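Below: a set of structures, written as structure tokens.
Both complexes below contain chain A, partnered by chain B and then by chain C.
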Partner chain A sequence: MPNLDAAFSALADPTRRAILARLALGEATVMELAQPFAMTQPAISRHLKVLESAGLIIRRVEGTKRPCRLAPDGITGVDQWLAMLRQALAKNYERLDEVLATMQPEERKDRP
Partner chain B sequence: MPNLDAAFSALADPTRRAILARLALGEATVMELAQPFAMTQPAISRHLKVLESAGLIIRRVEGTKRPCRLAPDGITGVDQWLAMLRQALAKNYERLDEVLATMQPEERKDRP
Partner chain C sequence: MTKMTIKTEGDTHVVVTRRFAASPEAVYRAHTEPTLVQKWLLGPDGWTMPVCINEARPGGKIRYEWTNGKGGGFYLTGEYLELVPFSRIVHIERMHLPNPCPDNHVVTTFTPDGTGTLMTMRMTLPDAKTRAAMLASGMEHGMEASYVRLETMI
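So, the complex of A and B:
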């Protein structure tokens, strides 16, 4: 079970969201991540630490590098929570469609 | 375009997520929302203000009441951002399936 408080809090920062968007394209090292952001590697590393402890990324050791990638469990956890709201909105639209379908043409403002 | 910083930050609190989960079932007043949380109405109102300014809920005026409901635009905005990560993970799984499909049976550890 992912820590949703930490996950959503980590997502509230634009640089961290941009890092995740980059990792959506594939694994990357700190150096590769630092380049497009014009940020120092320590600054990027601090963001990576937040993302890692929130369960949104995984880092592995490869010699002196520690490449990062998306953490399926953490992202799925956040996504599953949001699915509940997504389904609620979809249901509301269905209800609206039903109401519109049962209305008489003269009642509908879009058909004068 | 929703403010993703504010939206994700608002979602980082468990009470605010619980309020949204309640609103997924339908519109509710502050009084109705305060009941299950054993919180005062002013405390709930503060959370509602955060959710409203983050674009996640909408409030309407009905006499002295201000019923709340989910804000489709804000929630869709958050959801669309996450869809990018969801699709990236799905693609990774597809690649894994392809790799497994091309492997010879003797290479697969699950088939000794």
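So, the complex of A and C:
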């Protein structure tokens, strides 16, 4: 299980989310990632470092390049947590549905 | 009718929407009358809210205490800023785990939607980091519920 605090902090930045969206299409080098962002390579590298230490991306060495790709485990972990939050909220509102159903049976009968 | 959406907006907002098969008045009351709130605002299965203070007037206090009956528990405090019966509630709340988390500013609106109600809850956190932490901690509590449900499905 990746460190979720680090993962969610990493995801709090729009540039880093955009980097992940790009990586969802496949592996990319720092140069390829820097292109659409109008950012310097060192700036992109700093973002990559945050994503890497949060367990969201993996980098490998290929000569002088260090191409990045998504870390499936990290991304799955974040997905699962989001699904669970959603379920807890959904559960509350399912209960509220039941409460509401008991609150106004008369009103409903009166409706055409 | 029961579709819920949850999404982040900008760097500091979380927006939840949900439709209910009841009038805005009923949904509003279910959010502001303690005996009704205690029936549904519970999170995971197995949790109850033994303390529910909800003074629905500007400046009124909110205090919700939850327990899982096994020694686990946490509480939330807050204050009402604005109430427009039965369409709009503005309040501030913070979780205590047990240290207080940063304030969450919440605007909840109830609008007629066919024969039902569309609820929109817009939360504003002080910064992106806090929002991330809130989403992550909320999920911890959700996890237990998921496991319980999983058990009942198997």
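General observations
The criterion applied here is as follows: the second predicted complex is superposed on the first by the 87 of 112 C-alpha atoms of A that agree within 3 Å, B and C clash if a C-alpha of one lies under 4 Å from a C-alpha of the other, contacts with A are read in each partner's own complex, and residues count from 1 in each chain.
Throughout what follows, contacts are C-beta pairs under 8 Å (C-beta built on N, C-alpha and C of every residue); 3 or more make two chains touch, one makes a residue touch a chain.
In this text the structure is predicted, and so the values were computed from the model without any measurement.
By the touch criterion defined above, A:39 lies against neither chain B nor chain C after alignment on the C-alpha atoms of chain A. When the two complexes are overlaid on their common chain A, residue A:95 makes contact with chain C while staying clear of chain B. In the superposed model, A:5 makes contact with both chain B and chain C.
When the two structures are aligned on the shared chain, A:20 is found in touch with chain B, with no touch to chain C. Applying the stated contact rule after C-alpha superposition, one finds that A:28 touches neither chain B nor chain C. Once chain A of one complex is fitted onto chain A of the other, the partner contacts of A:72 are limited to chain B, with no touch recorded for chain C.
When the shared chain is aligned, no partner comes close enough to touch A:58: not chain B, not chain C.
Once both structures are placed on chain A, chain A residues 4-5, 8-9, 11-14, 81-82, 84-89, 92 are touched by chain B and, in the other complex, by chain C.
Chain A contributes residues 4-5, 8-9, 11-14, 81-101, 103-104, 107, 111 to its touches with chain C in the complex.
Those residues of chain B lying in contact with chain A across their complex are 4-6, 8-9, 11-14, 17, 20-21, 23-25, 70, 72, 75-76, 78-79, 81-82, 84-89, 92. The touching residues of chain C, counted against chain A in their complex, run 2, 4, 6, 11, 16, 18, 20-23, 26-27, 29-30, 36, 39-45, 115, 128-129, 131-133, 135-136, 138-139, 141-143, 145-146, 149.
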